[in-house]
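Here come two complexes built around chain A, the first alongside chain B, the second alongside chain C.
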Partner chain A sequence: MKPKVGFFDFTGCEGCQLTVLNLERELLDLVELMEIVEFREISSDQGEALDIAFVEGSICSSAEIRRLKAIRARSRQLFALGACADTTGINALCTDRTSEQLVGEVYGTAVGHLRYRHPRPLEAFVKVDGRVPGCPIDGREFLAILQSLLIDRMPELPTYAVCAECKLLELPCTFERGVVCLGPLTRAGCDAHCIAEGDRCRGCRGQVDAPRSGPYYRILEEHGLSEEDILNELRIFNLSGEKRG
Partner chain B sequence: MTQALIAKTKLADLVSFLASCGKVVGPVPLGHGQFKFAEVSSLAEMALDYIPTILPPKKYFMPQYETLLRYDGADGQQMQAVVEVEELVLFGVHTCDLAGIQCLNVVFSDRPRDLHYMIRKNHITLIGLECSDYCDGFASCAMLRNHLPKGGYDLFFSELSDGYFVDIKTHKGEQLVEESGLFEPVSDAAREQLQELRRSKKQIFRSEVPIRYQDIPRLFDETFDSDVWTRIGEKCLSCGNCTNVCPTCY
Partner chain C sequence: MDKNEALQIQPRPGQPEKQAGPGAWYLLSRGDIDRLVRSLSVAYEVVGARMKDGRYTLDRISDPAELELEFPPRVHSPKKFLFPNWEKLFRFRLGGKVMLEAEKAAVPRVIFGMHPCDLHAVQVLDDCLFEGEADSTYQAKRQATVLIGVDCEPDAFCFCTSLGTDKIDSGFDLFLHRSNDGYLARVGSARGLRLLRRYLPEIREVDNPQLPPAGKSCQRSIRFPMESLAPVLGEVYDHAIWQEIGERCLGCGSCNLLCPTCYCFNVQDRLDLNLQGGERVRTWDSCQFDQFTRVSGGSDFRPDQTDRQRHRFFRKYKYLWEKHQRTACVGCGRCARECLAGIDNTEVLNSLFAEQVAAEQSPSPGLEYQPQMAELLSVDSLTGREKLFRLRLPEPVSFRPGAFMQVSVFGVGEAPLTIASAPDADGHEIELVVRSKGSLTRALHRLKAGDAIGVRGPFGNGFPVEEFVGRDVLLVAGGIGLVTLRSLLLTILARRGEFGRVMLLYGSHSIDQALFRDDLKRWHLGDQLDCRFAVQHFGSQWGVTGGDITHLFRDLDIVPARAVAAVSGPAVMYRNVNPLLFGLGFTTETIYLNLERHMKCGLGKCGRCQINDITVCQCGPIFPYSQVQHLREAIER
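Let's turn to the complex of A and B:
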């Protein structure tokens, strides 16, 4: 029997689900191997028990917590899909204000019924079996992770930094052109996509297991960054730190 | 013939000839003062006065990804060893990288031999290029005496005033010289120019670190517990790139 797979979204831009749908060449082969029983972006079907749930987005309200727990309860395995679900991603940028301030700034005072909590990753509320990092996720990495799951193996994420992938592609280091890059701290797996396209790494995949922050900050300081500048770099995607609550 | 000459005006024709026979790889500029070995079809694409490339030419001897084994689960797990190999000419390899390849040859031909490496190596033609001066201020080739050719190539080019002195080391190199029809016999004047180049290099290339070559292994042994390694370790980002970019690490 084909494994039953569901895709779910919470607070986020849904770009990670879209990345899955953009795998047009592979999608038809994939549905031969699994049964997609829930995927709101393409179907109104709703399933019951699931083998694998891919969950996108951060958790921002009591209703979202309840819905997430219900998905967890009927899923054999639950995977965080993308940075918002995995580390809170850029959603965490709002944590410098209170939730009342945020609601007030965005919706004004007239909608007092909105009950908003600071966004948190899935892991703050339920057991997460694995994750597909990135903002958005990398389609090839998603396929590799799915392939592992379909043959009942636990997928493994790279333990090395983006820096290593970048070097293997022989991309000139962004520091050579005076541009700060989070590649030395950030978990690989994206094939240094942003640097290959002329940008720099902003750390969307989260940090490697044991980042060597000290020596890295010294390099940033040598490039003229203040402590606040360094924190601002890290805040873009790596603010969270809050897991189980 | 163990030596030959080629006029500078014919170097572009030589690269075109090589490219017409198969894949040619040479140093190409990436901007920001960086270079990499990449496929070329003409001399104009290359920068022969390059500093060491981001990755050394070992990437052609040990590709980052290669198929070692093919199997078909449907057919009783039938397995077949595979060697993915292509004919390749590596053009313009400096003596530092040639020394690196020679180290790898020693390691991988030792038992247990790495058959994939050994087979691939036989399909690579190495054309070396001598440095007349330092490529940059970070080189330490003279300390390890690798600023001079020590073999490990099929052909080796040393720049003279209007041509290149070519040392022919292998049968493959000799065939290439003959088939291209672009080389000429060495003249006494060319020999004299080569000697002049080597004399001038003796003045330019001095051991960059004030130690004796023969002391290096002993110094490493004796300083194993030195604080210097802690100080260097404190700067380490643990990115693993030292291994990636090293001409001999694998």
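Let's turn to the complex of A and C:
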């Protein structure tokens, strides 16, 4: 029997699902080997049992919590798809305001029925078996994870940081031009995408399991950053407060 | 490609290699080299240094004009061709029978531009990968690769001259030395000679090559013989330096990945998209990475960067040296050059060596007079005249309250200053209170946090705190004399329960000049200390008596039989206070005095602090009265 795979969507930009859809050609090979049962935002709590659920987006309301729990209940394995689901991603940027303020700013004060809560990662509500990190996810990595799951092998993410990939690609370290980079704390796997593009790493893939924050902050301080600057650096992707304090 | 040419494993440096072909010299122009590159390109993949995105890199050369023969050491090492990061070991098919597909034969390749250190690094790889059962994947690449060396200029991170890897006599097919009229090619192997003869038949052999004077100099160096590396490391397995660098290390692995001799690898299966088959590949790994030594169940016998950095050093400079008499470091400087945390092998090794030598040698003459540098952590004004300095010492100290340091400002001089803080377990930080008096103390007052000052010490004999345990303690301080008693008081407060009543009588000129008023008041109100003030210029503040300190003795409710008294202040105070203490019932054994004398050496040598037959710097400055009572020069007489 072919494994049944479902894709679900919560609060996020759907960029990760788009990445999956863009893999059309590569997926053709794999599609034979599985049965994709759901690929829409469906609101029904019911549905058949799934082998693998890929869930995108952060959880922002009680309704979403209920739906997530229902998906969990009928899925053998549940994977967070992308940063919003995994670490809250950029959605966490709004946690400096209260949810009332946010609803007010976005919809005007009149919208009384919106039950909005601060966005949180899947892990805050259900057990998550694994993750596809990144904002958006890396297509090749998604394929490798899917492949592993299809042959019942637990996918492994790199435990080392982006610096390793950056060095292998012989890219000049951004610190040499005085630009702070989150590569030393961030989980590799993107082939140092942003540095290769001339930018710096902003940590979209989340931190490695054992981030060396102490030595890293020391280096930032040597480069003249204050504690507040450091927090601002991390805030973009890594200060959801849910997963990593 | 000379298919049947067996790889000759190169002899160790020092072993002379004299054969017909190798050792010969030929003169080449740059044009000759370009032609050579072009001709070789037919049968070989030609690799060399070229500019790419503003940096040098070893890469395929399609146009000979791109090939740079003089390039800085900052390029990734040729390891990426001989022992690549991604190497297929074999292919397999999934389902049913597993079928092995042999790895294709290695690509014939010529690497132009092997710096001497990188050629030495290849010999380290040979040592390790041909040992026991030879690694045939490496062997295939090694055999199919022609190595052409070029000379280089060390940069600030190179230290090849310390390891003898700045020059090389063998281990290459050809080596190109820059000379006045082109390049002098030195032949290193029969294959090298054959290539020259085949592709550049017209070039001429040179009998007496006029090489420009060799001799590189590196800014970084290992300041001791390389033979001592293993023995030096043998003694420092538990040294604190590993923790020190471990706490700075990011575990990013760059030092390993970029090192031309590091070859530890990971093995993984990569699946074809259709899941029909896949390949087993090896990728570079790093002993600095988290999963490197982890076993199932999660335990890890080398769990942190402290252990991992030690391992890196030991493997490079000890383990492999002992096995192959070759360090697994060639001094290329790549690790330190790329380390964001600034961890530098030469610095670590030199400091370990210097420490061992220092421990063995008798101290150099005059060392006891040489201050060590301490860092000022903070400077705070206490009153208009006194400032409080907190400093971090290079070595931890232990002392009794009452001991002092000799503090230097170079160019101004040195002076004794009491340690104003209590001794603690760590011993790295102390406090001083400095009253601005003359040039030195004024110079001290001009310093700010972050500045360095010279310190020697601690010197002197302080209060025997253990003998005070279980007793009431009466502290009598005048003016800046409080500083000495502060160390004692802080010691007592830290173990408050072990002492009886603690009372402080403190006299100063005015309330503004009283030191540590807020602390004293807090302790007083917290019932930890019974504190009584006397100021000559009377104010209306809490518990303050007008007049001098003797007034405080009037209604003193203390039981001298179970008390000790510690007195610290100007000479005149002793003259007035000591008789009162005796009057209360204190004895020559229960009164302790702090005697200030002019001091220069702190070592009992200079004689400046001598009172009759004793030196205050060693026997004091804290004395039980009984010990100085017979001394006619003691000030209170």
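Following the convention adopted for this analysis, the second predicted complex is superposed on the first by the 234 of 245 C-alpha atoms of A that agree within 3 Å, B and C clash if a C-alpha of one lies under 4 Å from a C-alpha of the other, contacts with A are read in each partner's own complex, and residues count from 1 in each chain.
The criterion applied here is as follows: a contact is a pair of C-beta atoms (placed from the backbone, for glycine too) under 8 Å apart; a residue touches a chain by one contact, two chains touch by 3 or more.
Computed from a prediction, not measured in an experiment: that's the story for all the values here.
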Original post:
Should the pairing of chain B and chain C on chain A count as a clash or a fit in the superposition?
Top reply: clash
**OP:** For A:Cys163, decide between first (touching chain B), second (touching chain C), both and neither.
**Re:** both
Original post:
In the superposed arrangement, does A:Pro172 touch chain B (first), chain C (second), both or neither?
Top reply: both
Original post:
Does chain B (first) or chain C (second) touch A:Ala210, or do both, or does neither?
Top reply: both
Original post:
Thinking of the overlay built on chain A, is A:Glu197 touched by chain B (first), by chain C (second), by both, or by neither?
Top reply: neither
Original post:
Who touches more of chain A, chain B or chain C?
Top reply: C
Original post:
First (chain B), second (chain C), both or neither: which does A:Leu30 touch?
Top reply: second
**OP:** May I ask you to decide whether A:Gln147 touches chain B, chain C, both, or neither, giving the answer as first, second, both or neither?
**Re:** second
**OP:** List the residues of chain A that touch chain B in one complex and chain C in the other.
**Re:** 160-161, 163-164, 167-168, 170, 172-173, 184, 208, 210, 212, 214-216, 218-219
Original post:
For chain A, which residues are in contact with chain B within the complex?
Top reply: 160-161, 163-164, 167-168, 170-173, 176-177, 184, 208, 210, 212, 214-216, 218-219
Subject >> Complex contact set, residues of chain C against chain A >> reply: 54-55, 57, 76, 85, 94, 247-254, 257-258, 270-271, 273-275, 284, 286, 289-291, 305, 338, 340-341
Original post:
Can you list the chain A residues touching chain C in their complex?
Top reply: 26, 29-30, 32-33, 143-144, 147-148, 150-151, 159-161, 163-164, 167-168, 170, 172-173, 175, 184, 208-210, 212, 214-216, 218-219
Subject >> In the complex with chain A, residue positions of chain B that touch it >> reply: 30-34, 36, 53-55, 64, 234-241, 244-245
